[in-house]
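You will see two complexes here that share chain A, one where it goes with chain B and one where it goes with chain C.
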Partner chain A sequence: MSQTGSLMGFVHRRRRGAELFLLVLALMVGIGAYAAVGLGVEGVVPADLVGYGGWLTALIVGAHVTVRLVAPYADPVLLPLVAALNGLGLAVLRRLDLTYEANGLDQHTFARQQLIWMTLGVVLFIAALVLLRDHRVLQRFTYTAGLTGILLLILPFLPFIGREINGARIWINVAGFSFQPGEVAKVMLVIAFAGYLVLHRDALALAGRRVVFVDLPRGRDLGPIMAMFGVSMMILVLQNDLGSSLLFFGLFLVMLYVATERPGWLVVGGLLFGAGALAAYTFVGNVQNRFNFWLRPMDYYDQSPGSFQLVEALFGQGWGGLIGRGFGNGFPERVPFAYSDFIVSTIGEELGLTAVMAIILCYGLIVERALRIALISRDGFGKLLAVGLGAIVALQVFVVIGGVTGLIPLTGLTTPFLSYGGSSLVANWVVVALLLRVSDQARRPAPRLEPVDDSGADSESTQVVKLK
Partner chain B sequence: MNKPIRVVSVFCLVLFMALLVNSTYLMYVRADSLSDDPRNRRIITATFSRERGAILVGKEAIARSVPSDDQYKFQRTYSQPFKYAPVTGYFSWFSQTGVERSQNEVLAGDDSRLFVTRLVDLLSNSDPKGGNVLLTIDAAAQDAAWAGLEALPGDAQGAVVALEPTTGRVLAMASTPTFDPNNFASHDFGAVADLDEQLNNDPREPLINRAIGTTLPPGSTFKLVTAAAAIESGNYDAESMVPGGFRYQLPQSTTTIGNYDDGNCGGRRITMTQALQVSCNVTFLSLANELGTEAMADQAEAFGFNSTSLEDLPGQATSLYPRDMDAPQTAMSGIGQSSVTATPLQMAMVAAAIANGGDVMRPYVVEEVRAPNLSVLDRTDPQSISKAISSSTADELTEMMVATVADGTASPAQIPGMDVAGKTGTAESTGDRPPYAWFVSFAPADDPQVAVAVLVQSSDTSPDEIGGGRLGGPIAKSVMEAVINR
Partner chain C sequence: MSELTLFLIRVAFLAILWIFVLSAISVIRSDMFGARVPETARGGAPAPQRKGNGKPRKPRRGAPTHLLVVEGAEAGTRAELADAPLLIGRGSDAAIKLDDDYVSTRHARVAASGDEWFVEDLGSTNGTYVGPVRITQPTTIGLGVQVRVGKTILELRK
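Presenting the complex of A and B:
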């Protein structure tokens, strides 16, 4: 484990003032975008701007104060990044609501519902930081978390509560609320992976044979990776959810590689992924379609199933150009699901390449902060946890933005913090809470070790230290 | 574990760089080709819902967008639809024609000359407005041209073009039958599609702007080009004696061709002026034969044949003088028959070039491009495209044409107290259809202000009434008067 921080006598500063300053900027993004939506679409500043802005400010200030009190050494950049993305997402949803309402659609309260979900997310964020004072506690729940994660993934298949929406069976419906348990499952699985791998990393890392410069693992150690591969394929085949399948397997591979430091696992995983992708392409019609739509989107514009959604998104983003059309001057409603998977195309159309680049950079910074936390973290579990949480964001952002901009085949995933979706938003706020907790532990000055005068103990064998 | 974490960092960096590069490619490099896709309804809807600029004739907006209360926000309206339809064209959800098409970028507000306006619109967050286009059309001349065509008996097809000889400005451009562009601008797209299909299948071809889109044998009006080539050759002038007589035998053939009235043009040898005055076929058949295909084609091309020069309107047909004609065909071309075809615009350019001392000016319809606030952004400069004939040749031709009006076949175009130069034409038509009647003229002969070409393609007039400029002459006269008396 790295002890460089304390060894060199370097102590991280708290930087809470910097965080506050950045949060003010983030709030300006969120509230300013909300005002711009009103001006652009309706021509007036929204009447509820003060109430809305006040609510948003209260949430952010609440989160900030909590961090100040219970995680004073936490990373100062993460929370402002998340606040800015969430605020912008709310404004874009509001912009879509106005058009949906004008077009007489039933669903036109996405922004309002998202604000409620954000409130719940921030409450859970605060609760997680307050209740969880040391992330290593989570290591105790390795198998519980794993079991919960698997159970959550199975939930949509249960009768009565499971629901299929738009061809993907990833929803449950409890007491009138729809929820995607997979979003929570991914946090659970990161905890489970981190706990499992930190214990078994030596076995997975050391045994094996060398084939052409690459250390391949032993056959008997392939168990976990095969199990995870099986789960991913199950998600793909049974739930028809290409995105989540890719996300879970990729996440596991990255964590396995970091834990074992063996590129051999990447080779094995890559081969498995290739085989899985080929099998999926051959046997799952949906996958084949998406691949074809990606290669030649224009050829499938008029067909059903076709690439209408993707092509409209490409048209919209192309039309947005460098600086976009401005709120209210585009036609994001032409893209089905512009409020969820395709929210980036809405942003591209109305705010342009500039805003899309800013968003990608924000996500990049979140990932960078997560990996930085992993680097400076003092314990293996914390490192793996931070890497896993960062990898979730990185993979998810790459898969969804890459899909919407035509870089890779389209898969259904939400854009963290931007897309409408309560489960995703709440889960992502908890992800941030966990990252802040790990970073608080990592950046906190190393405990000073003071020998305790304990004459009763055997000073030869045991040294009692007091944490100060 | 730090080494693999660093590797993962680099991997993530690559992923995010790929996203950045790809979105730049999509939204900057590929944006134009996406915009050009005909299925891109955003572009269509946006252009359709914008406050499009007006098309102005003088101070009157003949096409403008007025607010509408449906989702497209603006409705295009045309105040004098039929009269100006050949020039304005239409603006529909599906496409545009005429000036609506050629000036689409200006009218829609996308033209680079409107950059400052667009920037202001962007910063003030107001909807972009299109620029205005001022036409060269003279309202009085257009009124006269349209009234003349409308007054033709029966179900006439015809066109009128008037040019300002010194500049090339199009003063009038009318065509009949025509259409109502208001119907094309309707927001009921199903009805627009039906209308488009119906008019496209109409045998009378109302969607064609005959002034620039129809090429027909120019008949005797082409004798001006033959006469120009003869004088330019240096062997002839207005008083040179040229062959007259009853009939001309085509070279390499036994076919003989007579004159229009079966007369002898006034003798075996007549002056060139007299030949033009009576529109003597024998004279110009033999002149064309003598000059040869090369010289005739060179002269025709110098006047603008075999190319198009009007850049402001789409749908132009090329007037043709083929270079691969044999001797009989070349002789026939001297009287505007065989494979020679011309648009009314082309014949107006011939008249205008003679009026302008031989300089062919590029015809243009767009006088000025104006910003939404009416400040002038651009003004078309007159441009000479070729020197068709020397000014002395032009003077001699003018005198011959003046004689043709004063005391010849073109007498219907006489304007009291003024010398008018003109030439009639009657071209053979196919089958039992009546011949095409042509008339070209300019006035005043000593200081030309307007050159006119009139084509009457078909009308319910008996064939013997068509010759002698009886159909075209009065229309040309009223258009010239409208310009001169303004």
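Presenting the complex of A and C:
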């Protein structure tokens, strides 16, 4: 992790103009999708297109101006990517709202609420960039962040504020707002892991013995990984939330591997994960069901609990084909929770494989940028922070889209930026702010301290050496 | 709304989506290889900042004025920041000369860039620490931040 020298050969340009250009395109995606929804479902351009487009533009321009002012060297691609995904997500939610409204369902204001959450997310994005001028400050809060993360995870179990929705106890309810503290815990835990690993990676990386090609770590160094494994299993068993449990453990494993460069940790982690999955499969009925639905979805179509949701999603995506049915011509409302976990199947049905590939590519680019930031970052903490934040997005997208398309057993997680869900959206905007902050530090030219010193002192000291 | 119009809208939207994705990739492509600016131009880029430095800076209120050894054998030794960059080490050319076995001859350096002060390790054997963290690159230090070299701790003071 110290080969930054070769990469510091060139100076990064600011590229704020490129960002603006991409943002204009991203807005065209978002607003264009909104207009297409109106045309497809109702046959007219939505009446509030100007107001909606103006609001979206104001948010994005606000974010862009902030980046220009306080993080001028930040990565130019991240903000447009999330703006496009968020805009597309809003339009798809609007499309679902229109159908839900026509069908007389109670809940048909997802798009409007999501827009409010997006506003809050962008405000927090701006606040994070303005208040946090150097990500290394976060390293001081390693253990505070870790403790906060764990507390946030425990919060849903507390009486009065904890709530169980759809079988998963991951919500809290405060003053009429429900919130998933786990989404914030993710960010906190990344900060904690990065701060912890950057200090302890030598011990974790060097000690150990070699067993057939892989260096296995010492027993006494297994503490943190066992603790994290325990936390993940606790989430799985107590909260009945397979997705988050997978996310937290995977996240820790990725960061541990990146920090130590030792495949031995992956072996240990993989074995633990295998054991955990087997135990969960044997003892937790829910997990067993998920496996069965995944292996033979059609067999469980009309049972309860059954694979109705997954099968409908697969039908929808199949019917969508290569370029989709077009907004308004599919039946995404047949899939329960089409607005949250299954939003990708809605997109697959109405915009087809072409759009789903574009979306997966967008996520791929976000992750690539995060890893790129990690490569060029000059400090270990920034590197690990960027890797961790990228890993959150990567794992979440893989688990959700993999589940919805039938690649892996379905686990409930939100699709970042697309799905309806306030906590997730707000947390993800903060994730992007942190990534931009690290990238601003990484791409900024190194402070030019060299020329001041080298002339006099250097020659002098060289002479001393020669005299000797 | 005719079937054809809807089809065209759909295709147009998918086209916009992909134009966006491809533009993003193309921005990254030129970003990946970087703009390799010639050495002279690189020196020129941060020039405005440096010019600002060249003028005799009048110290702002609250800006540090000297570097003080607060702990170690040479506690109490100070060096004025006006003479920056300051070299810290055991060598005779060091502005703060430390008689500490754990300090290298040319150990670290304190210098300014703009309004900020940086400490930079000069490839010392035992490293330079800001707070608990060993630094690998020039690191900003503010008033009262403890910089440790060997058994000695230094601070910027007003």
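Criterion: the second predicted complex is superposed on the first by the 440 of 468 C-alpha atoms of A that agree within 3 Å, B and C clash if a C-alpha of one lies under 4 Å from a C-alpha of the other, contacts with A are read in each partner's own complex, and residues count from 1 in each chain.
The definition used in the following text is that contacts are C-beta pairs under 8 Å (C-beta built on N, C-alpha and C of every residue); 3 or more make two chains touch, one makes a residue touch a chain.
Just so it is clear, the model here is predicted, and its values are computed rather than measured.
When both complexes are overlaid on chain A, the residue A:Gly40 reaches chain B and chain C alike. Judged by the touch definition given at the top, the superposed model places A:Ala358 against chain C, while chain B stays out of reach. In the overlay built on the shared chain, the residue A:Ala18 is in contact with chain C alone; chain B does not reach it. Of the two partner chains placed by the overlay, only chain C lies in contact with A:Met28; chain B stays clear of it. Judged by the touch definition given at the top, the superposed model places A:Leu371 against chain B, while chain C stays out of reach. Chain A residues 2, 39-40, 323, 326, 329, 352, 361, 368, 380 lie at the interface with chain B in one structure and with chain C in the other.
Residues of chain B touching chain A in their complex: 1-9, 12-13, 15-16, 18-20, 22-24, 26-28, 30-35, 37, 39-43, 45-46, 122, 125, 127.
Within the complex formed with chain B, the residues of chain A that make contact are 2, 39-40, 254, 257-259, 261, 298, 301, 311, 314-323, 326, 329-331, 334, 348, 352-353, 356-357, 360-361, 363-364, 367-368, 371, 374-375, 380, 383-384, 387, 390-391, 394, 397-398, 401-402, 405-407.
The residues of chain A lying in touch with chain C in their complex are 2, 4, 9-13, 15, 18, 21-22, 25-26, 28-29, 32-33, 36, 39-40, 43, 76-77, 80-81, 84, 88, 134, 139-140, 198-199, 323-324, 326-329, 351-352, 354-355, 358, 361-362, 365, 368-369, 372, 378-381, 445-449, 452-453, 456-457, 460-461, 464. Residue ranges on chain C touching chain A, taken from their complex, read 1, 5-7, 9-14, 16-21, 23-25, 27-28, 31-32, 34-37, 42, 45-46, 50, 84-85, 87, 91-93, 105-106, 109, 111, 113, 116, 118, 120, 131-133, 136-138, 140.
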